[in-house]
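Note that chain A is present in both complexes that follow, paired respectively with chain B and with chain C.
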Partner chain A sequence: MMRAFFRVAWIVVKKDLTIEVRSLEILSTTIFFAVTVVLMFSFGLVVDGRPLNDVAAAILWVAIAFSGTLALGRTFERERHNDTLRALLLAPADRPALYVGKLAGILLLLALVELVLVPLVGLLFAAPIFVHGFHLVALLAGGTIGFTAVGTLFAAMLVRARSRDVLLPIMLYPMTVPVMIAGVRGTAALFQPTPDLAVAQFWIGLLGFFDVVFVTLALWTFDPVMTD
Partner chain B sequence: MTRSTLVMLALAAGMFALAPWMINAAPNEATMGLVYKIYFFHMPSAWMFMVAAIASGIASARFLFLKRPSADGWALAAGELAVLFGAFTLVTGPLWARKAWGVWWVWDARLTSSLMLFMIFVAYLLLRKYGGPGSDKLGAGMALFGMANVPFIYVSVNYWRTFHPLTSVVPTLPVEMGIPLWYCVTAFTLLFIVLLRMRARLEHQRARVEALYLLEDES
Partner chain C sequence: MHSDFETLAVIDVARHYGRRKALSHVNFTCAAGDIIGLLGPNGAGKSTLLNILATLLAASRGRVEYGGRTAEQAGADIRGRIGMLGHDLFLYPELTARENLVFFAQLYGLSGAHARVQAALDRAGLGDRADDFMSGFSRGMRQRVALERALLHAPRLLLLDEPFTGLDQASTKALVDRLRECQQAGCIVVLATHDLDIVDGVLSRAVFLQNGRQVGEPGPGTALRERYRQAMTT
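Moving on, here comes the complex of A and B:
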């Protein structure tokens, strides 16, 4: 039972990766988009050559949210193109396993984006990204999972909807406000001259809780919302 | 309109017509004087905002998991009321804040989380309106997530900032202030129930007409 579930999820991940590796379309565009977002915000928030307080953490998370939305939209646009999402849903497989597969694929993609984004922010804003590396990774993982768990469900639901491009961020951003607050405040605590580990740990805990609740809810709702 | 709705509507209208006298009779507050009296409308509408959001979430869960078609009408009606009472809360709040705190808006926990919940329900209505076919299920998923999100928004924003007068103020109010407050809460609750029933009924009838059209097309 459990093995079949993860096998289906793995097949979906493998399928998405194979398509992506051949073209690198989503990965390359998303990474470049994330870099432009960082630069755009830097022009707004760096005054007289000095960044405002905590600006590195804010820019990092805004860039993750924006590029995450883009990656989610593109991933499901691909499925819409030849109506392959319908084919996936028709497959004799657990619906939640399809969701987990999609979620894992997008998480992998965003992890690669963050691999570029975090050093870039560290470089441009002299942020100490390696001092408490483990905490930073925990925040990034918790935040990205929370954001993507909600985003994957919403993007999948919106595949057949009209005006899905604008509806995805409209639905996703207010819903992921706790993730943004936790990510930004936690990261800002780590980037301070004397890092505040207690604060960072509080936000990591909140993110973990958010992830558990929303992944469970998404697994639960994926089947009924995707049924015609 | 059913007879019970009509009676409740008349009662609510009568109570709202009398509300200014009730509020006027309440004594002025020691430090804020007259200004605090907007609270008599602000707090009941904030409560109805919460009730509407929870009702929409529960109805959506019933629609999604128990496949009750009529629950969708209730979810939509409650979603619209959440936006209505939310807007009312978010307008009366800053009016008071301007006098009490000297600014229209502060990034306080309660204000910010109300604004975020309001945004979620505006997004819900946008989805229902522009999502096209199948948006009832998408909306249900969204309202359900929105409801589950309330504690997270509250905790995260709370840890981020706090200014708002504490909720514990309500039981400690003197009787002369408490009576008009509960009077207004009753009036708002009646108004909420009347609007919810009327809107849900309208939605159910719309769904029925649509089903009849489909039958007609098939035959």
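Moving on, here comes the complex of A and C:
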């Protein structure tokens, strides 16, 4: 049962990656957008080579949220184009496995975006990204999973809605505010001159809790939401 | 096969979108080997009914029985006995014809996916274009691949939404021939179309819809276009 579930999820991920490797459409636009956001903020918020307090963490997460929204929209636009999402839903596979497949594909894309984004933020905002690398990776993973888990569900729900591009951020951002706060506060604790590991670990734990709640709710609601 | 069925019953099916009624009191039954036409003007509820039959949409009232069981009772496996070709073709333009079919074969958990896909592409007359991207195919070629995608798992129920749109005469004839093959293989075909002249003589039965309501079916014997005209004016 679980094997079949993950087999379906893997088939969906493989298909999405094959298409993305050929077109590089989502990856290139998302990275370009994220880099532009960080550069714009760096021009305004770094004075004499010194950034304002905690600004690096906030800008990192703003860039992740904006580029994540872009990636979510583009990924499901691809499924909308020839109504292929309906073809996926017609398959006798567990529908939550389709959700997991789409989620994993978007997470991989965002991981690649963050590989560019984090060193850039470190460079432009003098953020100590390597000092507590493991904690930073845990915060990024927890935040990205939470944000994308909700985003994948909403983007799939809205795929046939006419105002999907407007509705996705309107629905997504309020729901993911706790994830964003946890990400920013945890990252800010790591980027301080004297990193506060206890605070960072608290936010990592909270992100883990959010992830479990959001992924569970999304798996539970995906099938009924997509049927109607 | 446990999830297989030989009859399809649409029992008092209705579908509302808020206060708008897309379908009301639709009833018909069909059996293996039937080709049923859903005929009616735009907005009559044909696509809504196809989506309900495909289990993609829930009926607001009434039920659809696949061999005496509803989709909820039969579970996800019932979808493995249903094939659908929508107005959009459900294919990825960035993938080749072979990659598209292999993807869906794997998604359906079919054994020997590659051999099945090659056979399907040969049947569609596209064996030599198997590794070309879908984006380079003509509408007729895409339609042939899409039909083979819908038939890859040998479904009992085949649902087609405007399958003749944009096809030339040769492609239309090929599609009609393929439908007859499906009929002989015991498939229940339900198709929504405006191309009355093409399906006249192909359909086992027509279900006429107007404003979401089933309208009276005049007796057999006259041409389909005349029966359609009479049904729409009653």
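Methods note: the second predicted complex is superposed on the first by the 223 of 228 C-alpha atoms of A that agree within 3 Å, B and C clash if a C-alpha of one lies under 4 Å from a C-alpha of the other, contacts with A are read in each partner's own complex, and residues count from 1 in each chain.
One rule holds for everything that comes next: a contact is a pair of C-beta atoms (placed from the backbone, for glycine too) under 8 Å apart; a residue touches a chain by one contact, two chains touch by 3 or more.
Predicted, not measured: the structure shown is a model, and the values here were computed from it.
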For this session: State whether A:Ile11 touches chain B only (first), chain C only (second), both chains, or neither.
Result: second
Contacts for A:Val225 in the overlay, against chain B (first) and chain C (second): which applies, first, second, both or neither? first
May I ask you to decide whether A:Ala91 touches chain B, chain C, both, or neither, giving the answer as first, second, both or neither? second
Per the contact definition in the header, classify A:Phe154: touching chain B only (first), chain C only (second), both, or neither. first
Exercise. Of the partners chain B and chain C, which touch A:Ile19 in the superposed model: first, second, both, neither?
Worked result: second
Overlap of chain B and chain C contacts on chain A, residues 227-228
As the complex stands, chain B meets chain A at residues 64-65, 67, 116, 119-120, 123, 126-127, 130-135, 137-138, 140-142, 144-146, 148-149, 152-153, 155-157, 159-160
Contacts from chain C onto chain A in the complex sit at residues 54-58, 76-80, 82, 84, 86-95, 99, 103-104, 106-109, 149
Residue positions on chain A within touch of chain B in the complex are 150, 153-154, 157-158, 160-163, 167, 170-171, 174-175, 177-178, 181-182, 185, 202, 206, 209-210, 213-214, 217, 221, 224-225, 227-228
Residue set of chain A touching chain C in the complex reads 4, 7-8, 11-12, 15, 18-19, 22-23, 78, 81-84, 86-95, 227-228
